[in-house]
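By letter and in written order, the chains are A, B, C and D; residue numbering begins at 1 in each of them.
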Amino acid sequence: MRAVTFQGLEEVRVEEKPEPELSAADEAIVRVEASGVCGSDLHIYHGRVPVEPGFTIGHEFVGTVTAAGEGVDRVAVGDRVVGTFFTACGTCAPCLRGEYNRCANGRTFGHGAHLGNLEGAQAEQVLVPHANMSLRRVPEGISTDVALFAGDVLGTGFHAIAHGGMRAGDTVAILGLGPVGLCAVQSALAGGAVRVFGIDSVEERLAMAAEFGATPVHLTEQDPKREIRAATGGAGVDLSVDAVGHPDPLALAVSLTRDAGTVSGIGAYSGRAEVPLGLAWLKCLDLRLGVANVIAQIDRVLALIEAGKLDPGPIVSHHMPLAEAAEAYRIFDRREALKIVLTP
Amino acid sequence: MRAVTFQGLEEVRVEEKPEPELSAADEAIVRVEASGVCGSDLHIYHGRVPVEPGFTIGHEFVGTVTAAGEGVDRVAVGDRVVGTFFTACGTCAPCLRGEYNRCANGRTFGHGAHLGNLEGAQAEQVLVPHANMSLRRVPEGISTDVALFAGDVLGTGFHAIAHGGMRAGDTVAILGLGPVGLCAVQSALAGGAVRVFGIDSVEERLAMAAEFGATPVHLTEQDPKREIRAATGGAGVDLSVDAVGHPDPLALAVSLTRDAGTVSGIGAYSGRAEVPLGLAWLKCLDLRLGVANVIAQIDRVLALIEAGKLDPGPIVSHHMPLAEAAEAYRIFDRREALKIVLTP
Amino acid sequence: MRAVTFQGLEEVRVEEKPEPELSAADEAIVRVEASGVCGSDLHIYHGRVPVEPGFTIGHEFVGTVTAAGEGVDRVAVGDRVVGTFFTACGTCAPCLRGEYNRCANGRTFGHGAHLGNLEGAQAEQVLVPHANMSLRRVPEGISTDVALFAGDVLGTGFHAIAHGGMRAGDTVAILGLGPVGLCAVQSALAGGAVRVFGIDSVEERLAMAAEFGATPVHLTEQDPKREIRAATGGAGVDLSVDAVGHPDPLALAVSLTRDAGTVSGIGAYSGRAEVPLGLAWLKCLDLRLGVANVIAQIDRVLALIEAGKLDPGPIVSHHMPLAEAAEAYRIFDRREALKIVLTP
Amino acid sequence: MRAVTFQGLEEVRVEEKPEPELSAADEAIVRVEASGVCGSDLHIYHGRVPVEPGFTIGHEFVGTVTAAGEGVDRVAVGDRVVGTFFTACGTCAPCLRGEYNRCANGRTFGHGAHLGNLEGAQAEQVLVPHANMSLRRVPEGISTDVALFAGDVLGTGFHAIAHGGMRAGDTVAILGLGPVGLCAVQSALAGGAVRVFGIDSVEERLAMAAEFGATPVHLTEQDPKREIRAATGGAGVDLSVDAVGHPDPLALAVSLTRDAGTVSGIGAYSGRAEVPLGLAWLKCLDLRLGVANVIAQIDRVLALIEAGKLDPGPIVSHHMPLAEAAEAYRIFDRREALKIVLTP
């Protein structure tokens, strides 16, 4: 089968790879209808996340189950399904606590030996371990574009809000309006946020956030602190989300959040970084960090999609054939695309 | 000033009463613009809740602050305000735990000596103890009809959902579509419920619930258990609300709720009653009972009203002058009105 | 192998049964060192829980793993282990929410076709499905008697406290001082309860509760309401546990609990029953009902046993050989034993 | 009356000051029996927290109520009481959410105009605003030394554990074994921690932590990461507390905490600081920062003291007369005393 493989710095290639085969009772094989190119794929592309040359990448997929072990009972052969970007065993100590994102046996699709040696989903087929954990039926009438978001980008935006403890009636600031930030905007509003401020410096992203119901705030042409202070009676927002994963938006999030509020950091921070620790302490903030627990969220996310309360469809800017993956990565890397969907 | 007083079984009368005067630093006086007639007023009307003859009744009000003690800092003279149906001291052990509905010094407006000897709000003026706890400014542009709900009926419907632990993506059943039930429908949807079933046997109420976004289910002409089972893949809803306060809807709520789900009982139960204890145990349900903690909810409720996410206005069916209070109670008692607003 | 089988009303018999065999990758076989006779076994003995004649009963066991499928990674052949009284799949919707006690595929040991058709543990060997969920290594130095409690009786007492939301500094009442109630006493004190009232009418049980640190209150010779009111400044306890499973202790629990407190009902209620609904509503209580989620609790319970903070050993009153199971059931049924441990 | 006043860098003096007088209905005056010298007093002493020369300092006190306004109902004239280190109004938006430590009208005793202009408690008398919030009766039989801790140092140690979400069965690391850290050790064990690691480099403090039940770990002579990894099966602790308030122990706390665990930072951080953000994100940690909410905790803390489950008495190393305050500060500043109690 054909698959998108990492070759080296800023080089991906569509290659012929062997078809996957079942090797355990709880595995399934999915024939991929569509896979997404995600911001975290660029970490691989730029060599920041080490992946072996020739390894299949990609971790967002929608497709049809073509084979399933006898232990798979949440989906069946023939089902149209969406996958989560990682798998979890369901029985280790973290899994029993519901912390599927920290599963002791967790593996991430398309991230090389480093993250579980699990071949990726930008391919014609993908092998899915622990299929009961990682696959869900796509509800009737939901488009492939929309379903594709549930197991990764939208699951992450939703987690930022849910794990951040947002309650109906809260005010929220989202820092960074890439696909994850835009999905966080939708998730906050779906859960009853009374005001969501979307902060970025790209006009198109601000415009899309506004279409989704957010109050757009330009990062540099406006003064986010002043805008949000004015709009919240001087208090700041109940919850801020750093959807970028960088110390600068995290610092801004700290300053935008009300006393005893929460900052949700879902973007991938790295190494040591300087943060406004004194201010965060003075404000008695709760900083909730980490990769999204999409397995814990996906059923709610799909239910909200089905109810029409979440609709990430407009975020897709490009559809391209799998064969043109190299070009897709180049476009995406130049930030000319907001979201690219690949079809085999 | 004129005030609606309880006289005896099914008899209320508009009488002349002395104007209230401030006697403590944290009190305020409100000139009432509008007061509501509420289902719980009928408990007094029918003698089920004992109130002394001549006592002013009513516990829902919107008006303007005309006097305030020096300790009042959350509202000021001249402010247009809405009141909560009870007051709380803010400093006793239950209040420090946030359980304002069980304040050791709590008093309910218009419920006689039994509930704190606090004269009611169906009058031209009302004295408000602990005004920082019980009064909130009405946001700009909000009508009197809508604001009137925030401190009682809508606060109660919202509490049923919030205290019931509802999360975005949940399914909910509301049993009883009087004003509180209809407000619970709105609150559930505002907080991200994906499906809300509104159950009643009155067509007009079912129709209004449907307008608000609920799936109407006729209590007797349909089979609620079958309908909800079918719509939830056999599981039942995450949260059921008994908005009536009677063992029958409570029993139905138990049967409609999924395993390990929650039943929120906000209606006023009385005495001992037979309940399906075995089924509730088998299902591992959490039954959360009690009068609504509206002081804890009112800021969120007003924010959601201001954001346009809650709008109880359509529930008001009648506007009548305070002078016609006796007729208002007769109409309301005959169930010819869904909600009556009295204006002095 | 030999196994204790249910034969009919008040009749159990030790019979020869075929040895269990592995049939799935996540199963294990345990050679039983000790099994317990539990209060819920009496429900079977008296025919209140239907079990097929010839079915092996018993659901508490400690033993050594003699075989394990390739998917079993939390225990290994040769490990000394304790089992939970039920199994769960780990991947259904309730399991993903952590509600292992309501697993869609859950099975209870030794309770017949009705509860999953899983042969019991009062036998020389027991087959354990989903072994990663249901088996845990017994920490070094823990006796068989003590370990035996972790997966059933102590797990249940601990759940009553933990699921009841108890916090350090709380006051607690335990109604019914059988093995589960005594374990709830220990669990409350281990978690920082400042005062635990143990209520029963059997002197020996009251004495044991007192040894464990509780304040004993005789159900009929004292007035529990007056005692607890006096000891809590009139307020009542933060948490009451009905460890019996009957409407009478539940009603007493409601009256002993403070406003906005919690009643935890872990005993098995059946059918419809009369409860003081009005009082529970007036007090704004939270009633948390249902069978214990021991899979969620067992790791904590074992850690607390290992730390010496829980020690149910003194509850064991009798050790008997498996061969004398019929006599053991008779003794237990006559309430002449508090806890019987059977050894093959 | 005599009072300890700040005079300038590293200079305090006992001066004659006017006696306090009641000016509001919810105030009380306390004749001080004992006041504590606290680590945060050294921030003033060293000029890091700006206080006006001549201002009375000190924020820990036990004494007797000598006067109380008519709105004071939780304590009465003649009561022996302990105070919390700050006051809160009880009615602002943060207070209604229970966030008394972020009260919009909050004032801290003895911290100058900057923190509310409230004269301190190292004096013969102290004026207590919002006395219902800030004063509690000392339970019978509790010594002055022990009671003194409840409203500040022990309330802070307890908050670190409670706000950190610790549950019975958890493992905990406490970084820094000054009075707050030692109180956190006691609080963790009282709440059911199965293992508490106390980390410091001062032998006496390690020894006291060990007496309290902790496992002492020397910061430099041992390798805390290796010790804790070995003792927790490689996982790390469920909760780490930085009781110092410095980026170094915070970084160590991040490395000692298990995936999806919690770090509680109660020490006073200042300014911007470098933290291991990447590791905290990778581990999905929750960082809960801020000054302790002692008003929310004091009733539990006193109940645990009364029950004998908390006993900070051994932490007091010195008793000195108020008149020798200047010498007391010098000794404390040279770290020759663990805790000094001043008596007028």
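Just so we're on the same page, a residue touches a chain if its C-beta (ideal position, glycine included) is under 8 Å from a C-beta of that chain, and two chains touch if they have at least 3 such contacts.
Since this is a predicted model, take the numbers as computed values, not measurements.
Visitor: Between chain C and chain D, which partner chains are common?
Guide: A, B
Visitor: Tally the contacting C-beta pairs at the A-B interface and at the B-C interface, and name the larger one.
Guide: Between the chain pairs A-B and B-C, B-C carries more contacts.
Visitor: How big is the gap, in whole Å, between where the Cα atoms of chain B centre and where those of chain C centre?
Guide: 41
Visitor: Out of chain B, which residues touch more than one other chain, so two or more?
Guide: 93, 97, 299
Visitor: List the residues on chain A that touch chain D in their complex, please.
Guide: Residues 93-94, 97, 99, 101-102, 235, 245, 247, 250, 259-260, 265, 268-278, 280-291 of chain A touch chain D in their complex.
Visitor: For chain D, which residues are in contact with chain B within the complex?
Guide: 24-26, 71, 73-74, 89-93, 95-98, 105, 130, 132-133, 295-296, 299
Visitor: What residues on chain A touch chain B, complex-wise?
Guide: 158, 161-162, 167-171, 187, 190-192, 194-195, 299-301, 303-304, 306-307, 309
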